[in-house]
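Quick one: this structure, given as structure tokens, is what I'll be asking you about.
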Amino acid sequence: MRDVAIISFAQTPMRRRVDELNEVEMLMPAVHGALAQVDMTIDDIGFTCSGSTDYLAGMAFSFVSTLDAVGPWPPIQESHVEMDGAWALYEAWVKLQLGEIDTALVYAYAKSSPGDLPMVLTRQLDPITMGPLWPDSVSIAALQARALLDTGRVTEGDLAEVAVRSRRDALANPNAQLAWDRGLDDHLAEDYLVAPLRRSDCPPITDGAAAIVWAAGDEARSKVDRPAWIRGIDHRIEPIHLGLRDLTVSESTRIAAEKAGVADGPVDVAEIHAPFTHQELILRQAMGLGGSTAINPSGGALCANPMMTAGLVRLGEVANRISAGTADRGVAHATSGPCLQQNLVCVLEGDN
Amino acid sequence: MFVDQVDLSEARAPTSVRRKLKPVLLWSAVTDTTQGAGAGEILSAPLIIEYPFKRTTGPVIGAFLTGLRERVLIGSRAEDGRVIVPPAEFDPVSGNDLTELVEVGPAGVVTTWAWVSAPHAKHPLDRPFAWAQIRPDGADTSMLGAVDAGAMENMQTGMRVTPVWADEREGHICDIARWIPESDGGNA
Amino acid sequence: MAEIVLPPSIRDVEPVRSVRTPAQLDYEFTAGDATTRFLNGIVNKRIIGQQAPGGRVYVPPRGADPELGQPTPIDVEVAQVGTVTSFCVVNLQFYGSVMEIPYVSALILLDGADLSIMHLIQEIPADQVRIGMRVEAVWRDDADIEPTFESVRYFRPTGEPDDVNVRIPGEGHGTGLGSWVGGVAPTEAVIRNPRTGQGGTTEGGDA
Amino acid sequence: MGKQRVAVVGIGQTKHQATRGDVSMAGLVREAALRALADAQMTWADIDAAVVGKAPDFFEGVMMPELFLADALGCTGKPLFRVHTAGSVGGSTAIVAAQLVQAGIHERVLTVAFEKQSESEAMWALSLPIPFTPPLHAGAGGYFAPHVRSYIRRAKAPDHIGILVALKDRQNGLKNPYAHLHEHDISFDSIKDSLMLWDPIRYAETCPSSDGACALVLGSERVADAAAADGRKPAWIQGTAMRSEPTLSAERDTVLPLGGALCAADVYRQAGITNPRKDVDCVEMYVPFSWFEPMWLENLGFAEPGEGWKLTEAGVTALDGDLPVNMSGGVLCTNPIGASGMLRFAEAAMQVRGTAGDHQVDGARRAVGHAYGGGSQFFAMWVVGADKP
């Protein structure tokens, strides 16, 4: 495969609601931030790809007007996925493999605040046998959490540890929406939101945007000292019906991690897109990530969960750590659908 | 500063259709952004998206809904012999058509559950209840349902539950009004 | 598809073939910065656009200049008079519409703006509307003014002579697309790049 | 590794109609996919990955419906990808799928595009009054009709061109058993006398709203060579291109969009086409309103600006003409929005494989598939040929 690297990443501050900006206004700082960091404009970009979904803000074709943020004039090579931006990044990676272009811009955004997000997400479910019951996304995740607890492999205390560590790590992340330093006991003293999940086991609802710039080979080396090279990337899906899956494991993540080569070397850092605490535990096991790996130093999706964007942010957070030299080899993960239905795994490395 | 959380508590009751634009002024409370100049007062307006979807079912899901109307649960037999409910139209592993439908349950076992202490207005029950994955007798997979168990203490994985059928049934997932613990009255 | 084998209990009843699954979702929209500025202008019966660094004026503004990909930071008021750049005559009643048919939906380039808006033309028979016709905004009664562009009920002829030289957006570089058949394919250089200032067979049609 | 060769080795589509009341959404998608697999002599197990395309999720009221269709598409444990680029999506979906093979990532990729508009009501889904957004007074036709008027004015085209296109496409559709509209008694006069919906666009010059799906199996050179050795001709992909431009730009030409022209120039360069009028045997282009045929003929370099309508008038674009356009009957006969672009790409591939049945162009060896979307600002095209590139 051709050597391709993430050379720039920018995100907006993640917030509960960004009322004062429309989607294109919210997106522009991320896009221009990512380009400016490597002294580029859209004229230097070979291919642009974005991820978003119409259902969040309730508006069909919302990606059409947000394209204005990049200034697609003269006309550009561009595409859009109705998926998390991590998959837009995958499409751009495929495009870069063809060898015809050397640079790509990937962005993603979400304004979830106009709608009732846990109910909006019920529209992803089987529209005949599940959707009419309106099982909100927190309840669906709680079914998975209970199944995991029932195995005896983990306890509610283990869930609490994920929450406590993530919010504490987020204190160092200026873009985090939630960050605090609280003890396990404080967490466990909370009432259940939807048992067995407590409020702090759940992600916030987030408005925000992020953008990444890619470059191949020498173009990447000319732009940054230490590009974050993609060494492997893969994604897999499972059926939507919860009854057709073992909810306590993530088979699709396991396959994707194997294809991406996670186990081929030590992993210094992993950014895992686990919106709910128990999901981090399932995903760590699926990817075989052990004690020597720093998990979600940004605070992860528990600290900011912009839909369709949080997966792309995971890639950017790992790339930033590799480019800064604080990690040599890292894993980024993105998820989509109820209870970790679809998963993407990417292995990134710096030059030694 | 870090106070925002999951927003279930903001659940609104259904309102009558308000398609007409009725903007109100929202005072922007957030000024800690470096983005935008800030127009100060931001306009806000409701939009309700409401479609009268009419979905064609195909023969397999149609049979499942027919069963609900007739107060029976229907599953499909997968290539590996498992009985799947609601019936899969297609083998979940190979993707091939599944055509053998069988009757299961209707009583079954809770395989996992979650307790909702503050139901949303759209939820099937207006009092605290449990979402559960329920594996009907004779089936190898589970389906989603709302269990009316009174209190969280009455729920546990492995418990037996049975459906309470709606009086008026039309071939719809809501023909199962709710599930109840079998100990609360069997085939009520 | 192979024949479905049904269990006895539902073999002899009328099968379900479709199901109604109505779904309602509630959203609370906010307008964003640029649109709020525009609608605040409407409440005062003024039409406010925004100007991009390159000079383009967008009405209604959406906060970004799509050519530069940059914010449009300067509020500018444009005229309530403009020129019809194209239109269609509608002979069908659409959802939610209470228009008397036929009616005219037109692209109107307001004086001072760089992009046509779409609005209705009234007070003239539909078959007399023309490209180049000068029109002016007609507002609702003061009491009915709301922060929506529908507070401009429609546009009507001003009676001025037609502007036969109206710049129709996009036509400026039309000639650059020519000569395909002769074997010369168009390139990006046909138009001026607003960021670099390079290219362009005309000054972006600004003339 | 560089760019690998890729070919279409399987093509399938549903019978298209206003309401496919006999199948579920999954059943609709599978009807097309199973036909494509059968055509490729493959089973679900042979497929490495699937790429799904459709237009706005509001049409069916399922958010990201590819998630719930994962097992219907035989994708358990496999990669499944979803593309959405407005009306051009069927074309761009096929391109994304082709690139997975060209990049050497997969050998056999299934791509499916669909729309089941009957589950809701498409016109309504598109005309929801979004707060603070100026209303579209007359639906999609009201948006495009002024552009058509601009074209007529600029090209000095006579009024009957739109009627000729509609008549040709509807008659071509009679030869296509999958087409939604089969209007046996269509005539020049019946089109001329139909309601002038959005003057200058008549009712009979507009596309229908359809339920339907289209699927393609794309194979690597090895897979395609094996098919060819077995007597099943592949359609070799000789070039693919996409371009986007802003909706609202003062520079934008909505009659001859620069994005469309650049997209065409790019795809011709890849395919070694220097004179499209001469080097292309037939074209399947996205014409939802009849007047877009002459507009796209000019935009895609088949005619000089202002001259496209003369090709239509002279019968050049007829099925037996020198440059047949929309042999299948096109979007004017069949319009499951998300699939409409892929149907264009599929028809181009059928032509060079020689499998287009009654609407086959004799000796077609190189064909163009074209799709556009949004307010004429998203473009996707491919060139397919009987010959290996």
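Just so it is clear, A, B, C and D label the chains in written order, and each chain counts residues from 1 on its own.
Note that in this section a residue touches a chain if its C-beta (ideal position, glycine included) is under 8 Å from a C-beta of that chain, and two chains touch if they have at least 3 such contacts.
Nothing here was measured: the structure is a model prediction, and the numbers come from that model.
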Contact-richer chain pair [A-C vs B-C]: B-C
Where chain A and chain C are represented by their mean Cα positions, the distance between them in whole Å: 35
Chain B-chain C separation of Cα centroids, rounded to whole Å: 40
Geometric centre distance via CA averages, chain B-chain A, whole Å: 26
Whole-Å separation of chain centres (CA-atom averages), chain A against chain D: 33
Touching two or more other chains - residues of chain B: 12, 19, 21, 23, 26, 36, 38-39, 42-47, 49, 51, 53-57, 60-61, 65, 88, 92, 172
Interface hub residues of chain C, defined as touching at least two other chains: 1, 17-19, 21, 23, 25-36, 39, 62, 66-67, 96, 147-148, 188, 190-191, 194
Chain D: positions in contact with at least two other chains: 21-22, 24-25, 27, 58, 60-61, 71, 75-76, 124-125, 128-132, 246-249, 251-252, 258, 262
Topology of the chain contact graph, where touching chains are joined (line, ring, star, complete, other): complete
For the chain A and chain B complex, residues of the former touching the latter: 12-13, 15-21, 25-26, 29, 58, 114, 116-119, 126-130, 132-136, 138-140, 142-147, 150, 177-180, 191-197, 199, 202-205, 239, 241-244, 247
Residue ranges of chain C touching chain A (in the complex, touch as defined): 19, 21, 23, 25-36, 62-71, 188, 190-191, 193-196, 199
Footprint of chain A on chain B - complex, ascending: 2, 4-8, 10-12, 26, 28, 30, 32-36, 38-39, 42, 44, 47, 49, 53, 55, 57, 61, 64-65, 84-86, 88, 92, 111-117, 120, 122-124, 131-133, 135, 141-146, 152, 157, 172-174
Residues of chain D touching chain C in the complex: 21-22, 27, 61, 123-124, 127, 129-132, 134-139, 141-143, 145-150, 153-154, 195-201, 246-256, 258, 261-262, 264-265, 268-269, 274-277, 298-299, 301-305
Sites on chain A touched by chain D in the complex: 1-2, 48, 53-55, 58-61, 63-65, 67-68, 71-83, 87, 90-91, 94-95, 97-100, 120-121, 123-128, 131, 234-240, 244, 251-252, 255, 336-338, 341-342
